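I'd like to ask you about the structure that follows.
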Amino acid sequence: MLHADRLFSPDPAQREIARALYTQIKDLPLVCPHGHVDPRIFADPAYRFSNPAELLIIPDHYIYRLLYSQGIPLENLGIQRMDGLRDVSRSALISPYPDESFFRRVWQNFAENFYLFRGTPTGIWLADELTNVFNINKKLNADNAQEIYDGIQSRLRSPQFQPRALYEQFNIEVLCTTDAATDKLDSHIAIRESGWSGRILPTFRPDSVVKIDMPGWGENIERLSAISGTTISNYASYLQALENRRAFFKSMGATATDHDAQSALTINLSHQEAESIFQRALRNKPEPGDNQRFTAHMLVEMARMSTEDGLVMQLHSGSYRDHNPLIASRFGRDRGADIPVANEFTRNLKPLLDRFGNHPRLTLILFTLDESTYSSQLAPLAGHYPALRLGPPWWFHDSLNGIHRYFDRVMETAGIYNTVGFNDDTRAFPSIPARHDVWRRAASDWVAGLLVQHIIDEDDAQAMVKALAYDLAKSAYRLE
Amino acid sequence: MLHADRLFSPDPAQREIARALYTQIKDLPLVCPHGHVDPRIFADPAYRFSNPAELLIIPDHYIYRLLYSQGIPLENLGIQRMDGLRDVSRSALISPYPDESFFRRVWQNFAENFYLFRGTPTGIWLADELTNVFNINKKLNADNAQEIYDGIQSRLRSPQFQPRALYEQFNIEVLCTTDAATDKLDSHIAIRESGWSGRILPTFRPDSVVKIDMPGWGENIERLSAISGTTISNYASYLQALENRRAFFKSMGATATDHDAQSALTINLSHQEAESIFQRALRNKPEPGDNQRFTAHMLVEMARMSTEDGLVMQLHSGSYRDHNPLIASRFGRDRGADIPVANEFTRNLKPLLDRFGNHPRLTLILFTLDESTYSSQLAPLAGHYPALRLGPPWWFHDSLNGIHRYFDRVMETAGIYNTVGFNDDTRAFPSIPARHDVWRRAASDWVAGLLVQHIIDEDDAQAMVKALAYDLAKSAYRLE
Amino acid sequence: MLHADRLFSPDPAQREIARALYTQIKDLPLVCPHGHVDPRIFADPAYRFSNPAELLIIPDHYIYRLLYSQGIPLENLGIQRMDGLRDVSRSALISPYPDESFFRRVWQNFAENFYLFRGTPTGIWLADELTNVFNINKKLNADNAQEIYDGIQSRLRSPQFQPRALYEQFNIEVLCTTDAATDKLDSHIAIRESGWSGRILPTFRPDSVVKIDMPGWGENIERLSAISGTTISNYASYLQALENRRAFFKSMGATATDHDAQSALTINLSHQEAESIFQRALRNKPEPGDNQRFTAHMLVEMARMSTEDGLVMQLHSGSYRDHNPLIASRFGRDRGADIPVANEFTRNLKPLLDRFGNHPRLTLILFTLDESTYSSQLAPLAGHYPALRLGPPWWFHDSLNGIHRYFDRVMETAGIYNTVGFNDDTRAFPSIPARHDVWRRAASDWVAGLLVQHIIDEDDAQAMVKALAYDLAKSAYRLE
């Protein structure tokens, strides 16, 4: 079902070179510096995935958003409602759910609409996953849906499909999760204590204690107080608590932090103004603009902390979260209704860069959902500031064409050495090899294109594909 | 003159597949759900086109804008001045104009500058039209201009070049026109009463009664009052009149509405505020912002009406109309001086989507002139909201590269099934087959690229090209 | 080292055509209508370049920005500090610097990091320059750095590497420099008086007397007063002084002016408001917005002067100058820390176009750093207004992919005849042939692509490549 030359240019000369380059890198270990796999699946050595629907469909908003866009209710895809429909997605992490017919119906709905994924990255990943992970050699459709369900299900019961076994089979060298600042990192502690050799590292994500307009911010601050052992009564103790947590994450192996913001705006507030906003937030009496200004200011504070503790800073900006209020109210947050907005970096990042853009200890990795900024702003910024690096194509752009555009628009100005290789950025654990494979094929093909156009020579080409597939991620994220 | 493999990728493998796919779809009937052909040419069974200049140059702002940009006065291209130069363009629709030497001079001017169209879509369409419609097998130039004029002219006199005959020869299945809300649809009535089997359908375009700052808005409202039989004295009766007209259009076969706006801004005004603005407009005493707010509000009202009457809603946003005041004052509106502006959808459409984005009866088809929104905003929106579909590349982007970019930037995230196939969007009737042919070739080539990269299989490929060439337009516009 | 088919498409059919087209144009004389070569190197017939580092690295911010982005201090690359480090860059234009070991260390630093330029345009240009200008047939690396330094150095001592000899060897037909409005044009006078046949023309660049917030503006106005023999006491005498300088530049052969602005904003101020702002500026008491409004207004004034004196107007907008304050304070302005910002043309240029967009004597050439404006704004504007032309891809976009994007996004709507061929825009004199060669190869390949897709025929193709390589630059800049 999967062709050996898939995703390569049709040109025979370029394809032959691409294949040769790909052969050199395809078996390199996978470095996964940014993603959303739940660490609990590795904490319990006996953990098993429940069933195909809970594993492949219900947690994957890439899949259900497209089905929803064609009018298929999320309920029919197994997504849990806030109002009491049973918790199919969460329970999946605890134990197989008893009612198999429910999951079989979800799977059937998916199979009947599988044609919607023609030509999409999800279609590519799923084909790879079914073939290479589950050894299913048929294209999914309405007729064979239950047979394929059975095939996957039977494999999920075998020990070699337990998460730790898959981690090893996938040849993962390191896998970083994303964890709230207030997370106790119990799973990471359990993994470490278990003596298992897999390298699962936390990443410090403070959004829920930084965005003062987020529902539950007050409770999150209380939680942060408790877990850091720091009474947070003012801005100074708030910073101290954050520094405390960063130190704890670092002690648990974290090498990076991660920050989400609708815009890349950064501001240097005076201590006094930061304090005022913080106090208003504690009293739940924000003024207009407080959230935006405080978030923008905290990005600079986080950069400052990175210059001190050496954690690599990631900034993911440009997503309008929970754009569809019906979905948010019925199914909760993060249900595939996040839509990108236009983004600006040159002016917005200046306050941060004025302070730390030349700092030798800072690495700030930028991500964008607005591809028009690649060539005009991000590549020139990364091609100048020592502290800046560009993250790989993100989210909607983590696709074959998205990767092509990234190479074509970024690399000439930034050079590959101001980029950081690949992130799979996924919560769908079994899709990790497929995602890295798309990147490695696309990178091989791009470098082959440079070679066949005589822009680089063979030595360059070999160094470049290895850097893109492996070295850059490892060095940029300080995972050495 | 026309090569059988034109517009296909040069790669032999991809080209061979593209050719095979194209062969399967090239003779499918043409579905034309959006365009600007004047229905009068079909109302009179004996209608004849007057001459090559009036048919091919004078009504086509794609052609004369490029000639004007090189310093050729519009007068020399036959464009009618407001100050009394004879009405060459309009009269063309009534009877052949007697002064042939004038049109021959216009044609000569065009021929002498035909080289300006090298590499442009207009150049591609014209080559196709001259060859396939008029059987002219020479490249137009200064020397053969009059000979070619004669060749076209002689054909225009024959019955097989009458509009109805061409409609059938072109294998058009349905052709939708664009008609003002106040249009009596006389031509459509005449077509229907004539018993002719051609399917010419109106489209409801209310811009001139919605944009309160448009010259003549007051008279248009009076016209709307009269034609709808509704005395429009307030906002409520205004809505009623619009609903009445929509019902009439629907009774005449319309399946869609069409809306132009400089931005995609939508607003939910209170009834009271809408009433206040409307009253100020009636008294011709608008306040600053009234027009923008009212237009934005009316988009939501129109979406609401669509959920009720089932008319598909089209939104064409992003054109700064009549940008060149000299041209507008000398030649009137819509004379090729409309220039795109940057556009925003994620925030602007939210008020409309909050109300109707999940509505099962709404289909809202979005068009853009700002390609940077394809991958970042439009594809993610269409890939989530059940009510949204993306229109094909519009206007300046309805070109070979424009279509390539559309496929590459939209399809991975939206999937092809959230798009609507092709619109020719033309007032140049004889260019319709050429325009569909460019789309069908480009679609075949794009799908061939997916196949040769092993992203899809042959079954997928065949279903996809047929969907892009025929099925999607028919289903999205509810033309079944 | 350099392959004959470099930069062409890998497709054999397209490549063969590209090669044939390229063969027809590769030896056409170089027309260089916009650049930053220092005219002093031609004023002294005995001028010699000092050494490889001073010639190739120190003046080239394309090179040192990328090295700096990887943490290499600018000091180690020979860039002069404001605080007294010796003036390596400027003195280079006067005499070879005695301390050779310093420059050898700079060169070694560069060579050790040469791998950073893999896949970048700088890498392509350097490979071409080293091979074709200096006859170095090895790839630069740490080991051979000093040997290659020796090889270049020995050539620089020979008469055939003096600037005038290189000008002739490069087959340059005309080379325009960029000169401040207050420049006495001594070098241009000296060139003219020397009787040398090389055609070195000045370009009028008034930024330093127009941008009222620029450090030193007051002194620049005094300088303008003195050199124009016009006492500048008010706005009217200021305009008179500018007109006087334009006339002088024109008498020295200038055919164009050049203007930098962060945005393309244009405004028609009343004479009174312009006077008020100008008076405040003279008293050094600007109000907020004065600079922006005055700069925007002066663009219209400059267009007006162009309609009178016939100088072609160039507008380079979209760069945030001196974005990195550390670099600016330590090394001065223009040190590779200029970062693009998003740009808008449709609305911003309207005031200027309303007055002069249809003027038969104005040619306004637009450049952008924001590629998202190519297809959506610039091509439609240039495809309508007789006064507008589009400049070639600028700065970060003057790269192989940048040129591909330019062709693909601009040409279908603007047509090639609203573009102006190529600008090398460089201060690196020996890179001029390499830069034109990249353009000529890319243009040949693009036209070959049109031919192999049967969009144009062979006659068109030959005319188009010649126009792109030679004719358009000459005619648009009125260099005939």
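We just call them A, B and C in the order they show up, numbering each chain from 1.
Quick note on the criterion: a contact is a pair of C-beta atoms (placed from the backbone, for glycine too) under 8 Å apart; a residue touches a chain by one contact, two chains touch by 3 or more.
What you are looking at is a predicted structure, and each value in this text was computed from that prediction instead of being measured.
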| item | value |
| --- | --- |
| Interface composition of copies chain A and chain C: same or different, split at half | different |
| Angular offset of chain A relative to chain B [C-alpha, multiple of 5 degrees] | 120 |
| Centre distance in Å when chain A and chain C are each reduced to the mean of their C-alpha atoms | 41 |
| Per-residue overlap in chain B, given as positions that touch at least 2 other chains | 9, 11, 372 |
| Contacting residues of chain C [partner chain A, same complex] | 2-3, 5-12, 65-66, 68-71, 115-121, 123-124, 139, 318, 320, 323-327, 336-337, 339-342, 369-372, 396-397, 399-402, 405 |
| Complex interface listing, chain B residues touching chain A | 9, 11, 13-14, 344, 346-347, 350, 353-354, 357-358, 360, 372, 375-377, 379-386, 388, 408-409, 411-418, 449-450, 452-457, 460, 463-464 |
